[in-house]
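Order as written gives the chain letters A, B, C and D; numbering starts at 1 within each chain.
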Amino acid sequence: MKRIAVLTSGGDAPGMNAAVRAVVLKAISEGIEVFGINRGYAGMVEGDIFKLDAKRVENILSRGGTFLQSARYPEFAQLEGQLKGIEQLKKYGIEGVVVIGGDGSYHGAMRLTEHGFPAVGLPGTIDNDIVGTDYTIGFDTAVATATEALDKIQDTAFSHGRTFVVEVMGRNAGDIALWAGIASGADQIIVPEEEYDINEVVRKVKEGYESGEKSHHIIVLAEGVMGAEEFAAKMKEAGDTSDLRATNLGHVIRGGSPTARDRVLASWMGAHAVDLLKEGIGGVAVGIHNEQLVESPILGTAEEGALFSLTEDGKIIVNNPHKARLDFAELNRSLANLK
Amino acid sequence: MKRIAVLTSGGDAPGMNAAVRAVVLKAISEGIEVFGINRGYAGMVEGDIFKLDAKRVENILSRGGTFLQSARYPEFAQLEGQLKGIEQLKKYGIEGVVVIGGDGSYHGAMRLTEHGFPAVGLPGTIDNDIVGTDYTIGFDTAVATATEALDKIQDTAFSHGRTFVVEVMGRNAGDIALWAGIASGADQIIVPEEEYDINEVVRKVKEGYESGEKSHHIIVLAEGVMGAEEFAAKMKEAGDTSDLRATNLGHVIRGGSPTARDRVLASWMGAHAVDLLKEGIGGVAVGIHNEQLVESPILGTAEEGALFSLTEDGKIIVNNPHKARLDFAELNRSLANLK
Amino acid sequence: MKRIAVLTSGGDAPGMNAAVRAVVLKAISEGIEVFGINRGYAGMVEGDIFKLDAKRVENILSRGGTFLQSARYPEFAQLEGQLKGIEQLKKYGIEGVVVIGGDGSYHGAMRLTEHGFPAVGLPGTIDNDIVGTDYTIGFDTAVATATEALDKIQDTAFSHGRTFVVEVMGRNAGDIALWAGIASGADQIIVPEEEYDINEVVRKVKEGYESGEKSHHIIVLAEGVMGAEEFAAKMKEAGDTSDLRATNLGHVIRGGSPTARDRVLASWMGAHAVDLLKEGIGGVAVGIHNEQLVESPILGTAEEGALFSLTEDGKIIVNNPHKARLDFAELNRSLANLK
Amino acid sequence: MKRIAVLTSGGDAPGMNAAVRAVVLKAISEGIEVFGINRGYAGMVEGDIFKLDAKRVENILSRGGTFLQSARYPEFAQLEGQLKGIEQLKKYGIEGVVVIGGDGSYHGAMRLTEHGFPAVGLPGTIDNDIVGTDYTIGFDTAVATATEALDKIQDTAFSHGRTFVVEVMGRNAGDIALWAGIASGADQIIVPEEEYDINEVVRKVKEGYESGEKSHHIIVLAEGVMGAEEFAAKMKEAGDTSDLRATNLGHVIRGGSPTARDRVLASWMGAHAVDLLKEGIGGVAVGIHNEQLVESPILGTAEEGALFSLTEDGKIIVNNPHKARLDFAELNRSLANLK
């Protein structure tokens, strides 16, 4: 393989740049030329493709977001979109692709591979909800940023003796909420993977103040449950009488310079993707499992360890769906000092 | 003066702890005993008062919020509240008070002074909207925190080619928006001190994209204008067709470890408050003007340099109201590269 | 077990406070009383012991260092010291101990257990060089702090076209250097676990400038190799002609607010230590291996999975010594774009 | 004026990029073309000059160092060097220059102006030691970075009951030491502008421990006094018996993302430099005094407010030399709680 390309797809995540940099530098060290594709699959189809070299990635390791820009492009699920994309790859003599993004991006990588263009997926999202890896690129940074924000809210909550409902991102996954909640000493963490009883939530708030154990109260709420305002309204309905505020950390936790850990994981996986392409391997996703690099077939049977299988009528099955660490939910309860 | 007390009042602000620490340490060095009053004037009236020493303030210089806690307590505007407070001060032998907070806190300080308990005000708020000082304690930190958040939002905005309306605190003042807007390279800054035309805002967004000069667009919005969601809705009504998001930095910018600058200013003003009380001076507010400490009578005539005057029918006039730096608004326009 | 104690020993590390907090809160939730021991084993022997409750640990989760203070106390290796310590524990009715620290601390824990006071060790050090765990408490923060400092040095190195030798802590281990080196895009990483040739180091510096690939050059040096000044002097001897500076990040990377990850790991391990003591288990060290909690006998046979064994003549053998990730050294070379 | 250039000279400082960005964007808004000169006066003489536009400065506002790179180039003090530089400016049709740097840079600006190429100086250095301004670009960031490092050293000093001598940059000025010392609650601050008695330093350390007031002790030392190791050695000679460590913050405090305040000041001054050039004004340096923009003739008489004058025999006199705020030294002593 003499020429490869790299793109970022889906929501941006800190560390995507670190992964792109690793792809570029590793490829150069292997004598492979690298091209960048702007705005994900959309840019591939439109031919928004340009040469990358070491100078171009010199300053991006510590930068948040993705300098290749990203975009959602559902059209790539259709054969027509795929063929247009391939046309462009051919134009540049590109033989393999590294795709950094989420589930949707992996399916695109599968399609490219099936069309004879080996593509390797890297898990890039803050939500940590991608199968085939213990950690996604961007998750550690999002947890760090959310924790820093929660530390600041603790200052105000303490100063005024207030209750805060703080919403954090994570799509349908509670991982960011669980990690950032433990890291910031949250009194309660509400995630979509667990049932909760709003009356219990309110009772605990009350109990904390009345026992004199708590001078303030922080509830970390995963966005997959509902919005902070809505949750606070439900608490009021359920009888909360504390000085209650709702706040949403919002888009702030998507950005920012990646943590050292995210940069290391991204560099490690990025370099490995090039190793795979070099050997002509595509249709796989790279991940970190038990502190080691792993790769899994994107599509296939459960027995083969594939991330996804197809049913007879063409539906996608996730073979080993991502699970939040509910032992961490339990851990936090055991530290919250609330009956 | 042998015994003084210190309290924080109104919204919490980073650096309040640094000011309290300076009051305590300076008082000790002058042979004066110091007491802390919890929860502002409410705690004074309830007698929530305790001895402070060097050990107690050893670790607070770098902490956000106020370890004395704060509370709004409108009852202190009434004579009855004041007399109860004075009763408590007498119980502890307290002869003077340092009050860290906003306008309302200053009026309380004035009342205490009139009752024979000299009280000195220090400007503590993130909003920078207090008369008698160029900078309030907490402003520099709030600007720093907002700027850091805006840097992160830039990452996402760039990565996806989006337009963001980002709301920042500041009550009726645009200072945080102006400083953080310039510091983060905002494309537009909307503050309550200036008129704006929503059609012009939308036109500039469009112009930026169409000219190819802007790949994304950030609008920093002071909360004194309206909420981010509302502003974004108005933009859509006015014809905005960009990928527009609204986000509110919210309470995050109230907290956090104070910047070095805030710690220095707070320490400087806190120590000076003790100097004043030591000489029996009360009814004044300390500030920083042109890089020097200044003190102003809280109540009096404009000629005396008082911050507030009373009209014949008892209304409060602000003699020299706080003004946002509209030259900074102009500066940002000249850098925004938008016609 | 009705009463336990917790101490920190050896060099301080960010996250020790988070671990202490978890021990305290978990114990309270299990109905166990907790005592803090100041200054490690020295404080135990001197009876510097005090009651801990939830309020006392309310604010420490985010603080660096250890509020229990730490001290090295070699006398605890002697029976006499141990008996004095036990005397003190008895005085307070303490039945079990959590010890947060390094190898030496583990041996003390073993001795206490042998004397009938079950003690559990937690790995607390920035160096990541403790057996029985993939990560020590404080390592992630030290890597983060070193990376942040290296990012800053990159600014200056780039601005002036300079070569920097940057020394980072880690005692005899290269882990901090390897992680922070990759995370900051170091051109070369020198660790004690690998041979290096000073002529090769100098040749690569030269090659980088002469090929036009590098405008500046950063060498991350683990302290276990030698000091930065000494290394720079050796480079000059070996013919380096670049604008070379040596700097030592020094003690700065020991301190600071722990990262979210360190707080989570510390909380997790701290809570588990209480679970073990509750069941009367001592003489074990808790660790994280493959994303799960593990515990290992501190002393025993290799077959039992013990961390240490004794030879017949009483020497200590480390059964499964800590190894730096030399695959990361290789990874960095493959990204450094240097021949 | 249709074409101007901008360069950075002397030591790099955070905020230089923000100033360059402001020069570029303001010039564009005034219809002026802008060129960047790499590596200061050296690059000017060598013709290392290139066109700048808005895209090129899009991402640099938040970056430390100077993307134009910097270099010391004493040859520009000679006529020959100047004439070569002018030759290059002519080649590109450049009519005016903005020079960001220190004293030496200002003299170069004066020379260019005398040769008919109006040049405006902006104060860029972390040391805050440039005449004609209350604050230099980079100073606030250096203080912030030093304070953050000192906060971390406090963690370790407290944890082990140690004394630390911490050296901070500042060339011959004590400003960084004074501000960062106050901001971090240093016990003693030693600056070149004040005499000190090593026996007194040691006595205070001892007094702090013996009185029980101090559990640890931090001495912030400006590099203009001497190195940290040397100072610690002198303390030991003078009888210090504490657990004493010396550390040098070193180059770390030169780099890093500029603070919001530095970005605002740099943007403000950068834009103003273009205003001046537009009117054909050169030979002046821009500064901030009492919260307002000021400009001063670089060379002239004291009466004219010039920064420098020449004696009859050609020596340079500094008319109003920079003074450190010794009231801050006094403030810190009054807060240090040491007799």
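Note that a residue touches a chain if its C-beta (ideal position, glycine included) is under 8 Å from a C-beta of that chain, and two chains touch if they have at least 3 such contacts.
By chain, UniProt protein names: A, B, C, D = ATP-dependent 6-phosphofructokinase.
Keep in mind it's a predicted model, so treat the numbers as computed, not measured.
Using the contact threshold fixed earlier, the set of chains in contact with both chain B and chain C is A, D. The chain with its CA mean position farthest from that of chain A is D. Separating the centre of chain A from that of chain D, both taken as means of CA atoms, is a distance of 41 Å. Once the centre of each chain is set as its mean CA position, chain C and chain D turn out to be 37 Å apart. Computed from the mean C-alpha positions, the centre of chain A lies at a distance of 29 Å from the centre of chain C. The multi-chain contact residues of chain D, meaning those touching 2 or more other chains, are 63, 151.
Of all residues in chain D, those touching chain B in their complex are 21-22, 25-26, 28-29, 54, 61-62, 134, 140, 143-144, 146-147, 151, 179-180, 182-185, 213, 257, 259-261, 263-264, 267-268, 271, 290-291, 328, 331, 334-337. On the chain C side of its complex with chain D, the touching residues are 8, 12, 14, 39, 63-66, 69-71, 145, 149, 151-156, 158-161, 164, 215, 245, 247-256.
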